[in-house]
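For reference, the structures are reproduced in the following blocks.
After this come two complexes, each holding chain A, first together with chain B and then together with chain C.
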Partner chain A sequence: MSQIEAANPLAAGGLQFERRRKFRRAMRQTLLMANRNKLGAFGVILVIFILGIALFAPWIQRYDDLEQFQTANPRFNPTANPLDIAQDPDIGAPFTLDRWENPLSSKHWLGTDSYGRDIYARVISGARLAVIIGVGASIFAVITGTLVGLISGYFAGKLDLFTQRVVDAIQAFPGLVLLMLIVSVMDQPSLFLTVLALGFLGFAVSVRIVRSSVLTVSQSAFVEAARSYGAGDWRIMMRHVLPNVLASVLIVFSISIGAYILAEASLSFLGLGPADKTTWGKMVNSGRVALDLHPWESVISGSAITLAVLGFNLAGDAIRDELDPRLRGR
Partner chain B sequence: MTNYIIRRLLLNVLVLWLVATMVFLGTHALPSDFAQKRIASTMTGASQTEAIELARKELGLDKPLWRQYLSFMGELSRGDLGHSYESKLSTWTEVGRRVTTTLELGIMTLLISFAISIPIGIISAVKQNTWIDYLLRGVAILGVAMPVFVVAIFLSLAVVKFDLFQIDVLGRPHFWTDPVKAFQLYIVPAIAGGIAGGAGIMRILRSQMLEVMRQDYIRTARSKGLRDDSVWIRHALKNAMLPVITVMGLTISGLVGGQIILETMFNIDGMGRFLFARLNLRDFPPFQGTVIIICFVLVTVNLIVDIIYAWLDPRIRLT
Partner chain C sequence: MDQRNYWLRKAQTGRVTRRRFVGGAAAAGVGAASLGIVGCGDDDDSPAQATTAPGQTGSPAAGSPTAAASPGAAVVNGGVARSVFLGGTQFDSVDVHRGQRDEIGWLTGSVLSKIVRFSNPDSGDLEGDLAEKWETPDATVYTFNLRKGVKWQNTPLTKGREFTSADIKWHIERQAAGLLADGTAATFRFKSDFAGIKVETPDDYTVKLTLPTPNGSFLGRQAAFFAGVPNREATEKYEGSHNTLTEEAIPGTSGYTLKQFRTGKDIILQKNPDYWDKGYPNLDGAINPWGLFEDPNAYRLAFEQKLVDAWSSPDASLTKKVIEDNKTNMFETLTGISNTVLMHLNVHKQFKDPRLVKAMNMAVDRRAMIQAFHQGLGQVSGVVPWLQEGFAIKPDDLIKLPGYRTDRAQEIKEARELWAAGGGPALGDVDIKGVETWTSVWPDTYQLIGKMFNDALGVNQFKSTKATYNDDIIPNLAKGEYPNWIAWTNAVNSPDPRQALYVTFHSKGSQNWSKVNNPELDKLLDQSLVAADLTKARSLVLDAQKILMDNAQYGACVLYNYISRSARWNFAHSPLKTQPQAGKAAAGYWNTAGAHLAFRQSYLDPKDPSYTDAIKSRTLA
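This part shows the complex of A and B:
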């Protein structure tokens, strides 16, 4: 291709023109879509915003999210004996923590928490964690759920019956109880375990949706045709059934990210979140100790959760509406 | 119909057995047990390991897993949900003490979620694509996205800010002993949980109302001169409520999670907080028992809902 372009500059220009036209058409279609579904467009913008924050968190965080700010104590008396300190505790420590600094100062944009940590830095690094957990859990749920749903729906019969009962049992559990139980496998739950637990919960949902799509696709004529020319089960599943249920897979993937972020926030709020990581749920909880005097930490992190879940929910709904018009407006 | 009910009952027994097995395996897969959790905090050194072994023997935790499973299942089949390692009381007693508290909060939450979602769902549907529809839908979408504890925090901030009443009521009153105090204690968590549950109901009700409003019988009702509100309530709402009833099981299941969070948050001694505390202590029998009771209730609610649905809509019975 490069040879032709070099030999004929006109053709190269034509190619560029063609490319630009394609780009313009794509842009126009996107704008039309956004105009048709304004709420969805808002959601997508929110998601892009949150993904951007998550991606660039280390550069826009300003401080480390675990750094405890402190100031030198002017009244510190290094020669004070324990008796003096007992009488006047202020002179005992060389530094004091900058606890509960007010928001909107130039040093701490959103103030500090009860340990003197910068709330802005913590909210930003919390965004990164929320995205990792939400997207990670969704990827796990979709991959395992699609595989099991595909096999269960394609082969049907006894295997399908058994899978469905297991899915029933998982869904009979109230989600939070199951999550609590799984993350308790470690005394200090790791990030990976949290993702795994959420993904396991989502696995049941994915199996159910993918399976029902597979059931209809498996009945169609092209699967029958493939079978008639001797294609194996694996080939039919991968080459003929899977591509036709990809829409459902994508819907399952995008629609539940918000729910995972919400569930993780609940776990963190209860003190079962990933250890040693800054999450929004933990922040809401730690802000509760002085809610009446310093509500900022809880309010800011609570709003961050709401905004992120809102964005992912709206974007997920929009993707579902585009891919499956039957479900529109539900 | 009888066949349908019997088939569903058998299926539910199977699901409950799977649930019991899962919760048994889940709790026994945990790396630490009650003996460790309790004794590690009081003793150190060689005497500690000895004491842990002794406690394990006493609680029956030293037996092989399959023996423990068999005795667990045997007790379960006789309706015995075991005894708490800590208080030595039976799970039924422990749950019985707290069930009224949980029901008070749960029923209030459910009532509030209906009180919020049904009028909003109707208004949003009949005023489709007006500013009020957009506003109400916006509120519903926000309600789905907000965790219950965040709603609870905003509500309690508002209560404190405007000095409405004391949220943290001492003595944990019941509605029949001190209704005013009980109302003050439960109202904030109930609204928080009600918004989360109601937002989902509202979205389904709205889309169903829109669907129903397009039907011929609505046009007939209108053409025979019925008033608008009469058409909406008596003809449209009745038919739109059916799918809402079917998601009741899901709503109540979601309520359980909210109940755990809210009871823990507001220090209300109900089943949710009990469940959470038992898990943290690795006090397995009451934890397993409470989970099984909750799942039993959920599965039964689902069954009743489905039976009512099949009774109301004969087309379902055939599938």
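This part shows the complex of A and C:
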């Protein structure tokens, strides 16, 4: 209880009432927004669902994503000759892996893969990676892009010219090709390096959008006023320009997460993602070898990618719509 | 004692047929060439060697089959085979003397003749190739009478000149000296094979070799797939750019010539019109699409569309299913992969303490790896793989040795004790690299390997990242700066492992990357090489293996050899040890069959229902 509430019960009751009122208003606005933008609401629900899975992965994935389920093999013959093993592979090992188990069993809700690993556990584990990579790359891209875009747009002139040519150069390359190039140069793509590579790709987009907003805001009267009062460039950028381009930054951030998740899945599918982690893209690739016989691994992990990307994209679009008065209500 | 190879005995006793299958062999498989065309070979450098290449499908043979297709059908001349070259794109040199990987040996097995060759790769029986006949009174002196009329492929460099004894003299003396034409030293893979050999050429068709000591396996070594005799003029011209692939660097004397050998392009072999063995090869040529090996799905699609004649999936159950769905048009072969799977630890760096090496040798779960990567199709191998059954430690004895015991709990317990005693936890991160050619087929290796060691040793310090033979491993072997890795090592190339053991573990061996210097081991290896009596040689090799196994193979730990299940279209005939019968798999040779077998037994049958106009219209252009 706060001091005010302790000292004045009436005031405390008023505060509680005010809080409830604000909460109800927020809820009402949320519902209105959801009603106004049903797809966006669906996207937000998906995002919340995926974030929840990522957050609680260790508690809900049931098994370790690398655990190989096996069954003891009473027919194991350690001295079996290779000829007999070729005829009957089961006699060559003290256990057999529970490979390609079908989904919807109580033990393996989504079945197992070719190495006897639980697909459900791997999808859940992959969700965490997808969120870390998507959000991490987006944060990296937005922070660096905002900083550079802010400076470029604010100071303009030759610095802006140079910066934009660099951005042009980055954007001139097809995204995935550039990404593959970066990751290949890195040699061994770890999780951190993958985030950096994806973030670098998004950096150019962030710079472009932020710089565009900064150019507009910089011409505003309040910026001129601040300058006439003797405010320094840094203060103007941080106190007056940046707050007014944050909406753009937020939009870039939210919309790009899905793209990063998709890009990472592409990299992993091609064997260029973080090799020591379980990722959805890697699962799609792993399962495709036997797609016609055992489609579950690829189909399930592919569906996870689809839902995640769809969710973040729809949610991002909704945020953009809400923050842009021109689009609100359309 | 029956001296024949295990697989041969099985085949000849009919047991194979009864049990349907086949076996064997390997690897030859695969690799080598696919349809036999490349013929491949074996290699012998031992298990512990460094470089290697995979073999995953293929097999030298492609056979034919269905119950409808008669194995004994008349051979048809002409046509172009298409198959995947094992190891795909992993060539490290056009100089067969200097290449550290097997692939160049496999490829040149079809292009370069050898002094002698295996008439039966499994049993090790020899026949003349460049040599028409030979005499060896005491395993010290070898006198070869060369075949007359053998011509080099006609190129601006060779001008189609005749092959003479001077070519063999250069071939041996260059490797023995380890020097390039300008006198600079270079790494020659088989240098120690030729150390101290005196070469005399009384005339153009006679070569007399005098070895410093008797060597019972010398002749077999000259039949190995990497033992082709290259052309001096071309080899010396391209010495400075030997890492760059070009067909011009390898003029041939054998059944095929290289029409195209360029990075990124299909490897094209063309029938050599001047080949001394008239009438062969049966085929006009063969095309090995570049890079298909690295993409299992593209490989499968290519097979199903008959763009290649044989195929093997990393998942053997899938291969089985595809064959079952196409019973009337394709058949199954089972071949043991001669490319031994190896874990190589750097004993000069992290694994200096022998206790750590021993701990790793017990922590690695050989049988689990066979299950995970090969669906159980394989068997653990000691330092001499089971493919060389005559010399290998018997299974009953092998399973009593650390690293091979069936009591996994005991292995783990002892491994943990050794790991702790050797200061393993203080090593920090330990990276057991997955080699790219392997991980392209089994990309989950990175996760599985790290977890296997972490679980076994009760730590969280192992990981597995990517390495390549050509960039990370081969250039660093001699310097002792190579990473730890797991993948294929060089292929077994003959039934006799003695020279390979010498090369790898003798203090004077040219591929003794672990720098093993054990006088007792040296003595046994020396004695085994000069032993003319095979029984005595086997006994000596067993004694040597005991030392090696007691020392966890000095970090070059052989894990296992596996068996590849391949699917082949019925029209594609190639060397098989046993032909398929209705509902029964064919057996391939376990070590690369040898190009000449492919010449003689590979052909395309236009009368087979699986043969199409598209296959008929294949050209080498």
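Here are some notes:
Operating definition for what follows: the second predicted complex is superposed on the first by the 306 of 330 C-alpha atoms of A that agree within 3 Å, B and C clash if a C-alpha of one lies under 4 Å from a C-alpha of the other, contacts with A are read in each partner's own complex, and residues count from 1 in each chain.
The rule we apply is simple: a residue touches a chain if its C-beta (ideal position, glycine included) is under 8 Å from a C-beta of that chain, and two chains touch if they have at least 3 such contacts.
Please read these numbers as outputs of a predicted model, since none were measured by experiment.
Within the superposed three-chain model, A:115 lies in touch with chain C and out of touch with chain B [touch as defined at top].
Applying the stated contact rule after C-alpha superposition, one finds that A:87 touches chain C and leaves chain B untouched. Of the two partner chains placed around the shared chain by superposition, neither chain B nor chain C is touched by A:234. Residue contacts after overlaying the shared chain place A:68 against chain C, while chain B stays out of touching range. By the touch criterion defined above, A:288 lies against chain B and chain C together after alignment on the C-alpha atoms of chain A. Within the superposed three-chain model, A:302 lies in touch with chain B and out of touch with chain C [touch as defined at top]. Applying the stated contact rule after C-alpha superposition, one finds that A:278 touches chain C and leaves chain B untouched. When the two complexes are overlaid on their common chain A, residue A:95 makes contact with chain C while staying clear of chain B. The intersection of chain A residues touching chain B with those touching chain C, taken from the two complexes, comprises 187, 285, 288. By the touch criterion given at the top, residues 66, 68, 70, 76, 78-87, 89-90, 92-97, 99-100, 114-116, 187-188, 271, 275-278, 282, 285-286, 288-290, 293 of chain A touch chain C in their complex.
By the touch criterion given at the top, residues 39, 165-166, 168-170, 172-177, 180-182, 184-187, 258, 262, 265-266, 269-270, 281, 284-285, 288, 291-292, 295, 298-299, 302-303, 305-307, 309-310, 313-314, 329-330 of chain A touch chain B in their complex. Those residues of chain C whose C-beta lies close enough to touch chain A in the complex are 6-7, 10, 15-16, 19-24, 296-297, 313-318, 321, 334, 336, 367-368, 370-372, 375-379, 386, 395-396, 399, 406, 408, 434, 439-440, 443-444, 446-448, 450-451, 463-466, 561, 563. Contacts from chain B toward chain A in the complex involve residues 11, 14-16, 18-19, 22-23, 26-27, 29-32, 141-142, 144-150, 153-154, 156-157, 160, 203-204, 207, 210, 253-254, 256-257, 260-261, 264, 275-276, 279, 291, 294-295, 298-299.
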